[in-house]
């Protein structure tokens, strides 16, 4: 992530990866305040064994795109609605609208959990264990909704807030 | 893709994959006009051996998100600025702003080539041959720019249009 | 609705229908988390006797459009300004900008009450009782305003807050 | 429609209704230039036997909402991207964002064909013949896509433009 | 104004007019809930001696434009950021983007005080007393700023919050 | 107007005023390139007998607001969609969103004709001759629409383009 | 700045300049309420020895551009998200979109600190002492991030909020 | 500039600097395709004697901000409305919305000439010759407008197009 102030937004990604048993590191790389670290982090990522990078940033968010320009590891970008950002529009467009040749896999505003899931999905292309967990995750999601449907039916829509 | 009218926008993805020797199929699945085909295509994708799905659509673009809800294969979404779309804003938001649990790896408006590159990057996590081609692709991109720099220097900026 | 978190926004629709004595069911169908249920719910709606479907969803809101692709029952879409949404712009565009062939009757952001009224209006095309209630509803609306005009006149605009 | 200049955009609605054998009238009612006609047209619509009104307008598009305030007939609004409009955003928001009590069933920008289909869907709630035509329409739409899929398969994506 | 909920936003206009001794009436005319009243109010305004109309409304704000279509009295429109509105964008565009032939003098979002000043400016074209008050108003505005400049200079910018 | 390139957009205002026999001058005052002229033009306007000022400008359009700050003559602002502007959004917001104390009567994007009509409406508050012309103008507008309605009815909507 | 209410937003610029030992004055110049002061302030700025002007304003923010039209001193514009502004979009566009010939060096919304830094950077082109402070400032920024990285590593991401 | 395709947009900057006799180099540095060159170009800029950098880029435009993070030379950013960009909104927000600590002096969309003028203005703080040229430039701009005013007066507004 680009700043320690992004941690509350990025934490769900970490929690998801932990729940799947996928090892990860969570650190700060600021494109604008630590550009040299950006360069060294991104260029060494693959040889360090990193398979997917999740980069979250807000405002004129250059971190995900700059990492993507420096590595062949897939980069997932999380636009963050930081206090400086224009309701998140700047964060989204700065990450999404990358030029031809250097894609960033962008997820929804503040959707770091989805970034974690997407990382697992990418790893699951070749890792059957992760893939099975994803299948289980989808089933749980579905049954959670099913449960809420039953509860709503039992309680009635007028009593749901009580 | 969601419609045959999307073909001109999606063709660069096909051309990129072909240039990398990555086998692919290019077909039409319309979320709104062939919903049953959507269901069957998405649910069978993984068992058919498909490793990444690139889905392009415009306007209220539901195709990428609906496929992602039906499969554990990573889905790359290409927002298309179709004649019906609001300068592409609807396409982008309908694909990008997926709810928690079901990510779509979104690329820039009309950026199907980047979708192809992202697919290669995802496959390159485990496929060394594809990875090497990506390294070569990056080097070529860089040297193409270098060539243009030399040409600009030689010709002078005032003669570049002559 | 697409999620139980949408209930507070959707409740006014239920309350309006109840006040008109129009039977209805209120349940959860998630396009992204329960796609199979979406398919089965939408395809069976007409044979189950459902005459109008009101579908509310936020963010990349695919529920109304996907239902509309699967049924010949009129679908009213309610864009919801959920916590994930970009001030509701994503919800609106994902529901409104449907391609040719598959319309969704979209109402204003969070305007579930209007969705209920629109449903009654559609039923009122052939149901004279509902139509009469709509006439009465319009008269009441008008006289409510009239009352406020009188109150404002009596109290004076400077005392209205007291 | 609000102006004769809207005719090219509204014609697909007329053509669709004609193809379904649904009788209709197509005329001009300008909210701003013929407000008295607006009043008389809207208040008499139901007693004249009109079952659905499709109203298209651009810019500060007041026609659909004002008709809806004056009748209990369902009103479908078509935002038109006229030469005066701000890329259609004004047309969309002026029609969609109606206050509580007076809904307009809004369709996508310039989507007059969808307005025609929605009108048929509303009539199809009680008219079995129209409903059957809608079922047929959906099947044709699906088979048209199917045909394009076959053609794309046969021709190959590289030869589609030749 | 279109609704009694708009009163807090519209009150500064009333207060300004009162401070200038310009007689006015403040009432509710809802374009959507009392369309007949709208018609009668607007068409009779000039013969009742009304010289300027200030109309405030939010969301799909049709009130100012519909009044303008029904009278030759100048109409000043105040876009209101109501709870239903899309951050005020719908209010602005619905009032501002009037078609050729029917202008509305639009002021800034929620700027009812400016609507009052503009009304005084319009009246001041022929009414020398009002004009003199406007001259005085501008002088006061300027000297208020001058006072703040002096205070800032005396206190120092670091002590201004103490 | 702020630049001679704005003339095509502003000409309809001149033509409308000419058709009403209202004397006017049409000249260029650039807020950014001739700020001294702006000051002198605006401060002397009223004593020169000018009763209404129409100011058109595009991009960061400061002309209307700066004139309004310097005079007690009513200022009508015309946002112009110039080649430099962001689809006109910058022009609209720079003119419309004036602070409390200094209103500009803003009309729609490029709507210089409406600016002319609004000027006539403001003059018509006290000038009965101009007012009568406005009444006539409204009647003509209405009968023009009526004629188009008759033509459409006679020709049929399918033959209107032939 | 255009108003004393902008002081909380503009204070970080003053604090930054003070920390760098760069002499400055902080005052109010309102383009709309004190246009004569604007003229005199801007035209005399250079002869008074002012080397850079930082101008902050919100809404239809004309201050930075009008100063730039009246002086050859570089003008840095700070768009302010004031209570009157449309989420800051009006402030940004009114300052940024200046016509050819009169540039304003615009910084991010509310980013007065960056305006201070930019002023120092401009002065640092010829002032080696200021330049050295900028080099130090960048190093401090970098080491601050480095410290946070270490802290995050030591504490672990799960304990950071404790 | 970020790409040779940006040359037509950036050329006016070069022409302006040439007309002022300010020496400059015009070259390509792509943040995404030549990140190493970006690093080396930016870090060496000051010691090479470069006093101001003008960086133009479109879409997710990271070039100006990344250069600013790597140098203490003032950076002027030109948002370019390239074929890939979302009407330029992405270009503007990616350049303008820089975080605290790393400002970019942003000019209007495609306004490379203004970037050149701003560069001259920055140099003119200490270089009296450049400053004098700026004074002359402003006078010429003003007299050009004056000439157009005279021409418009002589020809009449109706004959200007002939």
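Read from first to last, the chains carry the letters A, B, C, D, E, F, G and H; within each, the first residue is number 1.
We adopt the following convention: contacts are C-beta pairs under 8 Å (C-beta built on N, C-alpha and C of every residue); 3 or more make two chains touch, one makes a residue touch a chain.
Just so you know, these numbers come straight off a predicted model, no measurement behind them.
A.B. asks: If I compare contact pairs by residue number, which of B-H, A-B or C-D overlaps with C-E on over half of them?
C.D. replies: More than half of its contact pairs match C-E, so it is B-H.
A.B. asks: For the pairs D-F and C-D, output the one whose chains share more C-beta pairs in contact.
C.D. replies: Answer to which pair has more contacts is C-D.
A.B. asks: How many angstrom lie between the CA centroids of chain F and chain H, rounded to a whole number?
C.D. replies: Computed value for the inter-centroid distance: 33 Å.
A.B. asks: On a C-alpha centroid basis, what's the spacing between chain A and chain F, in Å?
C.D. replies: Result: the chain centres lie 50 Å from each other.
A.B. asks: Measuring from the mean C-alpha position of chain D to the mean C-alpha position of chain H, what distance in angstrom results?
C.D. replies: 47
A.B. asks: For chain D, give me the residues that contact two or more of the other chains.
C.D. replies: Those would be 3, 33, 59-60, 84, 86-87, 89, 92, 96-102, 108-109, 111, 141.
A.B. asks: Could you list, by residue number, the parts of chain F that touch chain H in their complex?
C.D. replies: Against chain H, chain F makes touches at 3-4, 7-8, 11, 14, 26-28, 30, 33-34, 36-37, 59-60, 84, 86-87.
A.B. asks: Mind listing the chain G positions that touch chain H in their complex?
C.D. replies: Interface residues on chain G, with respect to chain H: 51-52, 72-74, 76, 92, 96-109, 111, 113-115, 117-118, 121-126, 131, 134-135, 137-138, 141.
A.B. asks: Can you list the residues on chain C that touch chain E in the complex?
C.D. replies: Listed in rising order, the residues are 87-89, 92, 108-111, 141-142, 144-146, 148-149, 151-153, 157-158, 160-161.
A.B. asks: Please output the residues of chain D touching chain E within their complex, sorted ascending.
C.D. replies: 2-3, 31-33, 35, 39, 58-60, 62, 65-66, 68-70, 84-86, 89-90, 93-102
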